[in-house]
Amino acid sequence: METMIAVEGARKYYRVAKRGKGLTAAVGQLFNRKYEIKKAVDDISFSIKRGEIVGFIGPNGAGKSTTIKMLSGILYPDAGRVEADGFIPYKQRKQYVKNIGVVFGQKSQLNWDLPLIESFELMKFIYRIPREQYEKNLRQFCELLDMESFLGQPVRQLSLGQRMRGDIVAALLHSPELVFLDEPTIGLDVVAKEKIREFIRYMNKERNTTIIFTTHDMQDIEKVCNRLIIIDKGKKIYDGSIEEIKDRYTNVKTIEVLLENGGKETETFDVRRTSVNAVLERIFAERRVKDISVCEPEIDEIIRDIYEGRLRLDAPSAEGGAL
Amino acid sequence: MRAYLEIAVRKFQDKMAYRLDFFMGIVNTAITIVVYLCIYRALYAGASEVDGITYRMVATNFVITLGLSNAFGYNEMFLQDKVHDGSITNEFLKPVSFTLRLLAENVGEGAFKLIFHFLPALLFTLLHTRLCPPKSALHLLAMLGSVALGYLILWLLSFIIQTWSFWLFSVWGIITIKNVLVSILAGTLLPMWFMPAALRRVIACTPFESIYFTPVRIYLGELDGAQLLSGVAVQTAWIAVLGLAAWIFWRRGVKKLVVQGG
Amino acid sequence: MGELRIAVQSLKMSVQARMQYRVDTLVASIAVFVRESANIIVIYLALLKFDAINGWNVNEMLFLFSILFLTYAVVVSLFADLRDFSRMIREGRFDRLLVRPRGLLLQLILNNADVIASVGHGTLGILLFLLSAGRVGIEWNPVTILYYLCAIIGGVLMQGGIFIICSALSFYFVETGSIRSIFYWDMRRFAGYPISIYNKLIQTLLMYVVPFAFVNYFPAQFFLRKPDMAGYNEAYIYIAPLVGVFVYLLAYLFWRVSVRRYYSTGN
């Protein structure tokens, strides 16, 4: 398959002004300001093929949004190479963005006071969408996302989930082949999330659209993508399938203990390092246990443990969690 | 009291974080003074005095008035924004009074502008223009007291209108109109002395004369002895009236909010 | 003409959005009208006392002012987003324009119209024009009408250019509010008076730095020929509309150079 996106050694550093404390520091800053360097993206490389769906995850401030911005041509890298759809995004902006769609989950592009259709019409003119294509897409998307009932309402009266669906349609009306979704499910209820996931899968399957999205919700990743990239502190720490990550951690178990006093505690550990016997013995010695269950950790627990440094991805092993 | 002082000081520091605003604020004030002095000079067209008022008195009036109106400029949509986004209810949970906190913040911001925008601009003005000195040290002192009262009158006027945001969709229009009235009727642009006699009689019955003009007249010695005391008494009376109105509106607004839940 | 269709759709959206809040729009438009009238009222009151300012009587002053308001009414229907550009950057809304396949300035100009300010300033401008134009002895013929229209267009371009320059400065500085308030709002306020009353410094600012003098003072002199024109080159009257074009081109170039910085820093 043909390569859609190629990123090699991309780097983006920001300069952030330091603010001191106290009145004298405040006066001093009027004349002499100190800065520190923040490494938003620090030497990241990956490549994505046409027709893939890739999920980006990572804690807040990990560099996901900066990466998306570099890919969509809003920022250029300080060093390294970013290429997408055969273009250098920030250099050939107008050419490149004709064929991409971008949704910023936290920043709507819809007119707040008017029905969705007015914002869609504007997109038609901005992207020079031929009438038949516009009408066909609009009809199809509205049906898939179940939007007919609220098309005529002012956007400010819509629920967050309805608004987000509107934003997604607005960004895809021109049939882009490459789509970036920055947190498209943030703050949504389960039903709205499911609708959006279904739609993303449809766009990928039926239209072979390449889709890259960021999220905090592991369900999004499990249900939608075939590939996962984890970014933390500006570095890529994992790139592969979800199955693989789960496989690596089949040896990790979580023991959940219900105490007699009503308390509940959990412990996560790697069976190859710590024997189940030892853990249970310790628990029984220290606690009065009412009930006990052993389970495999959910994918979000694994991810959380990775962020918090309790699990390391390079070595397939894990330290025991704190009980 | 300490808490409110702390709030005022913090606001003062916040303002200092914006370096460019700081230097431009000085330039802005200095240019405005130069321009208006040019306008008054052109209006005087060489005359040494008009109706017994000298050019230098007019210049002095303008500089003092500008300093005070600068110190008063802050975000008057604050309360409305808090009501609209609902964060006003969080304010009631804090251990400090919301109204006093607002006043403290505004005073902090005003003090910043007076010290860092107005004072340097004033020094610059004194390099090229001679202003009237205060009649005496005592008058200067009395004027400072009167300035504080004038500030309170302005603040209460603004606060009363801000409380209307509990009932109205937007108070922006009313605040704008209030500011127009202040800029004309309090003598910010055209000194009170040159207002048509009929208009001045009307203004005398409103709080507008007490805002800038009373302090200016005390400074110049136009109000002296018993007149000075009555000027300050009128200011105090307006504060009592406006303060009462502000209290009533505030209480009713809060009650409406609590009953209807925003 | 894809651009025209964007413009029509955007304007339609701006107006429709405001019409959702009819009462508020009306009140706010009146408030703008009243606020801007304040300067006029002050001049009127001052000239009751002093008769004239550097030889300009009340009607001539109103004519001078009317040009400022009329041009601004057009400026805010086109350049509203550039006027509020630093807020747009701060809220991250500029990113959105970068991922659309259209020129950035074009999108900014066509996108939003400040309906309220346009109505408020426009009404006042027309009112002042009607009040004063008949009383200052202007003879309307094809030449004067053509000059007047060119002067208005030039004035709009000049002010639009200043907004563009101030917006481009947002790519270098975090807060540009104070620059804007000096180089636009202050200068505009000063331009309400004949520039001949000012000292050399302010005159230089109004003629060569932020050339507001070419928006209303020199065009007004084309019709009024007040004696204070003796202090300036006659040619200024005739090049006045061109100054706007020149400033706009300069602003465009500066924008092109500055916008590159955004790609490296973001917001």
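Things worth noting here:
Order as written gives the chain letters A, B and C; numbering starts at 1 within each chain.
The rule is simple: a residue touches a chain if its C-beta (ideal position, glycine included) is under 8 Å from a C-beta of that chain, and two chains touch if they have at least 3 such contacts.
If you're wondering where the values come from, they're calculated on a predicted model, not measured in any experiment.
Ranked by number of C-beta pairs in contact, the top chain pair is B-C. When every chain is represented by the mean of its C-alpha atoms, the one lying closest to the mean of all protein C-alpha atoms is C. Chain B has its Cα centroid 50 Å from the Cα centroid of chain A. Computed from the mean C-alpha positions, the centre of chain A lies at a distance of 44 Å from the centre of chain C. Centre-to-centre separation between chain B and chain C, using Cα means, comes to 29 Å.
For chain C, the set of residues that touch two or more other chains comprises 21. Those residues of chain A that touch chain C in the complex are listed here as 14, 66, 69, 72-76, 78, 90, 93-95, 97-98, 100, 102, 104, 107, 109, 111-114, 118-119, 121-122, 125-128, 154.
Those residues of chain B lying in contact with chain C across their complex are 18, 20-21, 24-25, 27-28, 31-32, 34-35, 38-39, 41-45, 50, 169-170, 172-174, 176-177, 179-180, 183-184, 189-190, 194-196, 199. Of all residues in chain C, only 2, 5-6, 9-10, 12-13, 16-17, 20-21, 91-93, 95-96, 98-103, 107, 263-266 touch chain A in the complex they form. Residues of chain C touching chain B in their complex: 21, 23-24, 27-28, 30-32, 34-35, 37-39, 41-42, 45-46, 48-50, 53-54, 173-179, 181-182, 186, 189-190, 193, 197-199, 201-202.
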